[in-house]
Every structure is written in structure tokens, then in C-alpha cells.
Amino acid sequence: MNFKSILEEIHKEIKPIIGEGKVADYIPALAKVSDTKFGISVNTVDDDIYVLGDVSEKFSIQSISKVYSLTLAISKLGERVWERVGREPSGNAFNSLVQLEYENGIPRNPFINAGALVITDILISLFDDPYKEILDFVKLISGSDTISYDLEVAQSERENGYRNVALVNFLKSHGNIKNDVEKVLDVYFHHCSITMTCKELSKSFLYLSNHGLIPNSEKRILSKSQAKRINALMLSCGTYDEAGDFAYLVGMPGKSGVGGGIVAIIPGELGIAVWSPALNKKGNSLAGTKALELFTSKTGMSIF
Amino acid sequence: MNFKSILEEIHKEIKPIIGEGKVADYIPALAKVSDTKFGISVNTVDDDIYVLGDVSEKFSIQSISKVYSLTLAISKLGERVWERVGREPSGNAFNSLVQLEYENGIPRNPFINAGALVITDILISLFDDPYKEILDFVKLISGSDTISYDLEVAQSERENGYRNVALVNFLKSHGNIKNDVEKVLDVYFHHCSITMTCKELSKSFLYLSNHGLIPNSEKRILSKSQAKRINALMLSCGTYDEAGDFAYLVGMPGKSGVGGGIVAIIPGELGIAVWSPALNKKGNSLAGTKALELFTSKTGMSIF
Amino acid sequence: MNFKSILEEIHKEIKPIIGEGKVADYIPALAKVSDTKFGISVNTVDDDIYVLGDVSEKFSIQSISKVYSLTLAISKLGERVWERVGREPSGNAFNSLVQLEYENGIPRNPFINAGALVITDILISLFDDPYKEILDFVKLISGSDTISYDLEVAQSERENGYRNVALVNFLKSHGNIKNDVEKVLDVYFHHCSITMTCKELSKSFLYLSNHGLIPNSEKRILSKSQAKRINALMLSCGTYDEAGDFAYLVGMPGKSGVGGGIVAIIPGELGIAVWSPALNKKGNSLAGTKALELFTSKTGMSIF
Amino acid sequence: MNFKSILEEIHKEIKPIIGEGKVADYIPALAKVSDTKFGISVNTVDDDIYVLGDVSEKFSIQSISKVYSLTLAISKLGERVWERVGREPSGNAFNSLVQLEYENGIPRNPFINAGALVITDILISLFDDPYKEILDFVKLISGSDTISYDLEVAQSERENGYRNVALVNFLKSHGNIKNDVEKVLDVYFHHCSITMTCKELSKSFLYLSNHGLIPNSEKRILSKSQAKRINALMLSCGTYDEAGDFAYLVGMPGKSGVGGGIVAIIPGELGIAVWSPALNKKGNSLAGTKALELFTSKTGMSIF
């Protein structure tokens, strides 16, 4: 398929709405990002890459990191992960406490904040140096040595993240956090602060397109079945309270972050990353969502 | 693919667990169905059909009918349907009132009972004789003239369906039911009472596999985009509070009913119906779910 | 105490705000009542009576009837009433379904609609002719033979009372309604439709001021302990989601209705009824609440 | 009234159930208290005192301190306190997060933990040294110089109080905490850790019996109206989710703590404190509640 010309078509159509929406401004480090940025990168499982726009600029991946931390936890613990976090879509906003109270401290899934905090706690129990393990893992799957934490963002999140502090203490009160809450928050805010480029992101998700295996390597990250599980979770829970519309409009399993990035995959085919910092009302990149929708329309590549 | 031998393999493996679980017993007409029944039917978009077991016996399709009523509503009203019902997964049990109160009478999606009642109300406003229109529609897509309501079941549901009566009155108090509540309940319980065979069911879902078009005909039921929408909804909301696991284990958009039936599709490929009346704790056919899981494992046909 | 001059002072101060607020308009029969009406009646346990304004005009007592039905149920069943309804204040609006779902169909207390429906169900099980028994009871305690149902109001409530229909069906689905739901609704809407005058109302509550005994008679309605229970419940749950403020500002156990009536008592001393149809935002008579507040300020008669 | 012999009667009747229930054991410092302790102290507004049992032993007052902190806040800020905390009974358990989310961070009342944390935040804004101010205030109203914090308890609460940490961060995320969360928690856990004797407690509540004025002094703590407000709040919210039963069975405004203490008042008459560490299922002293019930039965002193 001629991805090059498709990306150009998308860019032409998307141009007028780049900047529509609102850049996340709950911390200064995110608020200062220009809302005119736009990048899109397609990486096939054969490792062809097609890019357009600001694809080499690092940005804050935020909640996209929840896919990495979940993968790492599953790769070590397998099914035992599900003893502490659910696998079902969540009907409420992404950091609601209500459901959590109702369900006795077991988060609905690993992509709501509560679930990601539990996964982070699991990683802390597994690794002596979770900071290094997480970074090494992302370096491995993205094939890039320049992945790093943005310490200013991590620090700023900690200082303003009262709801997450509430969540982790609430989970602790239910016995579903085993480590020190400050440690959990610190590792959590660190992995959310990772900065990456569109090119790194699209490549880093190929193990999910490729049934658990990094393409063109002997390196297995997950079993085929585990990769399928994560793709299913991304489809129904990957884009906050807009997952239903995203599944329909885009038709790809994907994960978004408030930094304006979205990564999605077509099983067996490709990974695709898009970045545009201005968000729609549900907290997903406005132009990014539209770009992915155009991509599946033009390529006919929806899973549905 | 050799579907015939695959169905035989599935049957062999599934045999020991047929009857495990519990037949729905909230009304006598459902409770009396034998838990030893098992049928499976695969219908390709080329209209090849592969069957095994009790595939010609009629059973109560129950919530599967929600796909038909939604299709009918969308085919007439298009996007305006979504003014009165949401498109997002629901985090709660399938007939919860809490979320409904929180969201001012707009059900999360058309596959929870509240949503299906609103869709039924829409159909009543659209048609002079909704009973006939629904039946005619199911006859059309299943290619069968013998589709009918089970009046004993419909009557029995009405007499015992206090939660649904509560739901429809609650929706009415929020202004989201336009017609007489008794009429809405009557049409709703009628379409849930439709009885069909596995063969009819698998065929009837082909318009969803075939992008809105009945295969081998000029008959368009939905636009390609509308069919995609329903498939996406089935994936994230089609099997009550087990949708996440179903998406992962089975990997097909599907819809279940408490009569023990499940229908699912592979876009562009096939429709598949399975029937086994004993249900698991989440209200889905226990052996049916397992059979579908084996089907995708053996064929490698998951959408993920 | 010179109640006569106190009532006159109250009236003078209250005059400017009579008509402020909003007459209940969810049914025509209530909406047509003039918002300029105002009556106040004080009845001591020695059976002295002091009145001012529209005290001989009948109006719809609405939720005030919940005190009568509860009294009747307790007088027959005693403590067994509490197996089916709670005794604790409710934190939500007066007809919320959320708490009910959370607490498995046991209403928090008998003064929220759900609780009153359960009490009504109890009365239907106790009496062959609950309509007559309820009316006879109110006649007895008010010393008036002219108490009657307003059939137009009862009928109109039934036709518009979708939330109450939802509630009773929801309760039935939880097994906490034993009789036919239509019968329960009919008796319920009937007792809410009772019309009384301020004079009748203030007299009718004297058994609660007088520790269970109708003053100047041998007639015991409740034990001393049962009367105390109802007074305690009225204090914490008698005025919808304004009970806390009412307890503080007025300092008397009392019960309000959307018809604009409020009845309150001082234990050992008196019953007082006030009527002014325009309601504040919490659904209580605006001028009526203020009048009662002035009454306790001027007499120093608060229980606190 | 012969309080001396009444206390003796109560003790005789209560003896068999002292120790029934369960001493709070969520922190070691509370768990180690003997469940055989029992003390009761009655202090009239004329400053007569009647005591029996372990009335001179200090124990942890815990939530009883919420009355002191609220009083201090109201005495300084008056009605403005109610801009940040509600005045209505709460239908849920005493530290629920659900209602708080539903009501956008405004706690229902100052006696649930969330409300007490907001009040603590107010005190921190008001005073340079809130620790000293709180202690000085309790010394003043109890007439005792030996009131102090139990630093072991305060420290232990902080280390185990995950739900309170969750609450305060959740409130902060809603903008209803102005100071540093750690400071708020520290002051909060300090005032909960205050230790007092029954004698000190019963005396310390006399300003609430005496309409805001410390008896036999010129010292006004609250206006008459403010004292009434707190009494009304104690009646409907002072004993967690048992307030309804407490109001009925005991019939006095009161406040309990998980240390096993309960203080209650009869307006215009007396303050009464009881201590027995073993708690009933709702978290109130089991023998203490019974003792107070007997007290009002025997004296006939209920407010109802």
C-alpha cells in the first residue's frame, strides 16, 4: 500500500484542525508545548517506516506508558497479574474512585490510573531498580538508546497529582498496594514522564502487532495470547471514556496520553503513532484521533 | 479452511463441560430447557454453512435481539439514535440503575437493558406495527419464514420483569421514553422472546460480517460505517460484564443471550452461532463461550 | 405562653415572603393552588388551639401521610417493621435509586419514597381494606370526620409518577414488595392525596407530642418508645435533604409535604401545622419553614 | 434527681455486657486497651458531678475531637464554615468517598472524616500554632490543664491512615483543602489523639448543654444559635451510620469515638460521658451506648 501518499492526504485534510482543542495545562511542563505540532509515523512489521511532520521531536508519552508497564508485568508474572487488577471496560471517567470503592480496591483494568498504580506496585516488587528496568525495556522495544525520563515533568506531576495520591492511598487501604505509597507514586510519575518521538513510539508497539515478538529478531516479549489480551484491552479501554467511539471511528487497538500522543496497531500489519498536543473533551488528541480515523478509512485497515 | 473437521474437534473437546453452569431459571419457560443441548453453526459470507449438533432446534434468543432492534433503528434514523443512547462500554452489571441516574437517563449503550428499552421506544415511534416490522426484518436477514415470537416467554417475562419495569419507568421519568411504558415493555419482551435456530442465527448476522450488505443480494441493511459501529459495540459491550474477557479469549465481536445462544462474526469472513443453555456466572453460555474460544484458536481467526 | 400574639408576630414578619418559591407543578391538581395561602395552627396537649390565616382550608398533605402510614404499621407490627425498612438518615435526594441498589432493596428509612412504599405494602398485607383503615385512623387522631382522599390527585399522581413506579418495581425485584405493584401504588397515591386543614393536622400529631397517647382520652396509638422512635426519625429524615438545616433552624421533629404543609411537634407540649404552598429548592414550604423557625425562636421551644 | 443511684443501677445492668464487641485494633496503641474498662460521668450545668468506674483514666477521644475542632472553627468564622462543608446527615459509612465525588468535594457534614479534614484545614489557616490553640481550647472547656496529645497514637494513625490520606488528597484535588496535605493530616491526627478522662469529657461538653456559655463563668464559646446547630448535627450525624438508632434509643445529641468514648448532652441540663472500649459493629462503644440508653430511660430525660 502507498502509505507515503496516504500520510500526505491525511496531513492535507487534518491541517485545518491542528491546534483545535486544548493542550493539557495541569502542569506547566505540558502546558508550554506548542499546539501546532503534528507528527505521524507508520511502522510495518517488515520494518518499513513512513513518516510525516514532527516525528523526531520528543514529547511526554504519559498514559501510553501504561501499555509498557503492563507488558513488563505480564511478561514476568503472567496470569497472576489479574489477581490484582480486572480486565473489563470501565464505565466511568478514567480516575474515578467510585467504582474502586464498589469493587473493594480492585481496579477495573490496567489502563485506568488506579489499575496502572497497581501494576507499578507489582513492578516495584519484581525489580530492584524498576526505574532502570522500565527504561531498558522501552529502549529494547523502540530500538532507541535515547529514551529517558523527564524529571521536571515527573516532579511537577508529583506536586500536583492529588487525585493519584488519593487513589494510591485508597488502594493501600484496601491492601492492593504492597510497597510504600511514595515509592509507587514516584515510579508511576517517572514512567508517565518518559519522552519519545513518533518514530520511536510506532516502532515500540510492533511486538503487539507481531503477536508478542519483536519483528526481525528472536526476541519474544509476550506470548501470542498475552499480546492478544493487551490488544483487546487497548480496544475497549485504551482511550479513556471515548473507547467506544475510538473503536468504531478508528477501528484499531490503541492507547492515548494527555501529552497528545496516540499509538495504535493493526495486528499482523503495523504500528502507527501520531502526535498533536491539543486534546478533545475526552482527553485524547483531537487532530491525532482524526488522523487515525482517516488512516483506517483510506487504507480500509480497520479490524472490524 | 476445513471448518467441518474443526467443528468436530471443538465438539470433542467441549463435550465434558456441556451442562456445566446453570440454565436461566427466572422464568419457567427458560428453566425447562435441557442443559445437554449443544449446537454450532458457521456461515461464511460466500454462504457456505457448516453445522454440528442441535442446530435446527429453536431456542429463545433473548438479548441477541438487541442487535436486531439496534440495526433496525439505525437503518431508519442513522446517527440520531445516539442522541438518546450512548456508545461507550458500561462498567456495571447489565441492568444497573446507578449509572443511569448518574447520567440523567441516557443509557451507556444499546446492549444494556436500559439502552435496549430506549431503542425499542424508538422503534415504536417509527413503525405503526413494530411487532411485524421486527419479525419481518429478522425473517429477511435470516432468510427464514419461520421466525416467530414465543408468546409464553413474552408473557412470563412481563410478569416477572420487575427490574425492566423499574428501568423503563425510570427512563420515562427522565423523559427518555416517548411512548406508553406498557407498550414499550410489551414490544421489548416480544423481541426478546424470538426463537431461532443456530443455523438461522449464524446466517442472520452475515450483514455485519459483510459490511452492511446481505451477502449474495443487492440488499443493503446498513452502511459500511454503521456495520462497523455495531461490530465495535458488540466487541466492547456484547457479553455483559464479561466483554473484556470475551474480546480477549474469543477475539470476535459477538452478542450473547440468557437463552444460551451466542452469535459472533469475523469481518469479511463469517458469522458463527453457538447454543448451549447452561450459563456461567456472568450470564453467558459456558460451553458456548469455550466453543467460540476454541474456534478462534484453531482457525487463528481472531481480529487481534 | 401567649401563642396568640406570637402567631401574629410571625405572620407580620412572614408576610413579605409568602409566595416566594415555587408551587409544586408536576401534577395539575397541585399546580393550581394559590401561592398566597398561609395558615398556622398550634394545638397544645391540653387541647388549647391557636390559629391564624387559612387554617380551615383543605390542602394535599402528600408526604406528611408517611407519618400516618408508618404509625399504623408500627401500631400493628411493632419492631418487625424494621426488618424491611431502615432507621437511618439518607444522604441522597428523597427518591434516589442508587442507595437502594447499594443496600439490596432495603430503603434507608420510612420517609423516603421507597421506604413509604414498603410501609404501604405492609399495610396492604395487614388490612382487608387499607383505604378505609388509613382514613379511619386519620379521622381518629385528627378528631375529624371529614378526612377524605382527593381522587383527582391520586389519579394524576399515578399517571405521572414514573419514578415511584420505578421504585416499587425495583423493590419488588429485590423481594421487598409482597403485594401486586399496582395495588401498592394505588394505596400509596391515595394516602398521599389525603386533604386536611391546618387545624386537623396540628391536632392529628398530638399523639406524638403526648408519648403515644391521644390527649384527653384513653386511646393509646403507640407505646412511649414507639412515639419516641418516630419523633427521632422525623428529626433526622422528615424534611428531605434539608433535615439537617431544619433540625437546627427549627429544632422540632417534623414532616413536610410538597403540598406546602409542614407539621412539627414539641414533645410534651404541642403540635403545630403550617401551610404555604410555595416551596424552596429542597421541596419544603419556604414561608412555612421560616414560620416554624420564628415560632421556636420566639417561644424558645427548640428541643436543643 | 438521684443520679448517684441511677449510675449504680446502670452499672449493675451493664456489667454482663462490658467487653462484648471488639476493641479497635487498626493501630497497636488502641488495640492494647483493656476491654474491661468502664466509666461514666455526669456533669450538670450547675457543675454537680456524679461518677462511677474508670472515670479518671485517660483514653483516646478520637472522633469526639471533631466537636472541638468544629466549635473552634465556628467560633472564629461563624457561618462561613458552611461554604466548605455541608450540614446534612450522610447516608453512607463514615469515610466513604462516593458521596464526596458526587458532591464535588464538599463533605456532607463536619463529623464524617472528610468534613473533619476540611475543618482542620480551616483551623490551620486561622492559627499560627493550631496544635497549641486546639489544646488550649480543650483545656479551657474541660477546666483541666493536663490535656495532651498522645504522640504515639498520632504517629501510628499517620502511618496506617491510608483512607484519610486518600480523602485529604481527594479534597485537595477538588480545591477544598488550602494548606499542605501533610500538615492537615498531622494536625488532624493530633487532635484525634487527644487523651481525656470521662470526668474531663463530660465537663467539656457543658457549653453545648448551656447554650454556648461555659456554666458559672462569663465565658461565651458559641452563640446560642451556634450551640443549637452543633447539637442538631450531633443528633443526626454524631454516631456514624448508627445515628438514627442512637437518636431513638438514647435521645440525646452525642458524639462517639473509636477509642470507646461517647459524650452526650441534655440541653439546659447536663453533659454525660461514658467509656467502654469494646465497639459494636457500627463502631460505637457497645456498653457505652447501652449505658446511655439506660440513663435516658431511667431519668426520662430524652429530648423526644
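For reference, chains read A, B, C and D in written order, and residue numbers begin at 1 within each chain.
Just so we're on the same page, a contact is a pair of C-beta atoms (placed from the backbone, for glycine too) under 8 Å apart; a residue touches a chain by one contact, two chains touch by 3 or more.
In this text, all values refer to a predicted model and were calculated from it rather than measured experimentally.
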### Task
Work out the mean Cα position per chain and let me know which chain is farthest from chain A.
C
### Query
How big is the gap, in whole Å, between where the Cα atoms of chain B centre and where those of chain D centre?
56
### Query
Rounded to the nearest whole Å, what is the centre-to-centre distance of chain C and chain D, using the mean of the C-alpha atoms as each centre?
32
## Note on the structure
When centres are defined as mean Cα positions, the distance from chain B to chain C in whole Å is 47
### Query
What parts of chain D, by residue number, touch at least two of the other chains?
102
### Task
Name the shape of the chain contact graph, picking from line, ring, star, complete and other.
ring
### Query
What residues on chain B touch chain A, complex-wise?
86-92, 99, 108-109, 227-229, 231-233, 235-237, 241-245, 247-248, 251, 253, 267, 302-304
### Message
Please output the residues of chain B touching chain C within their complex, sorted ascending.
### Response
96-98, 101-102, 162-163, 165-167, 169-170, 172-173, 181
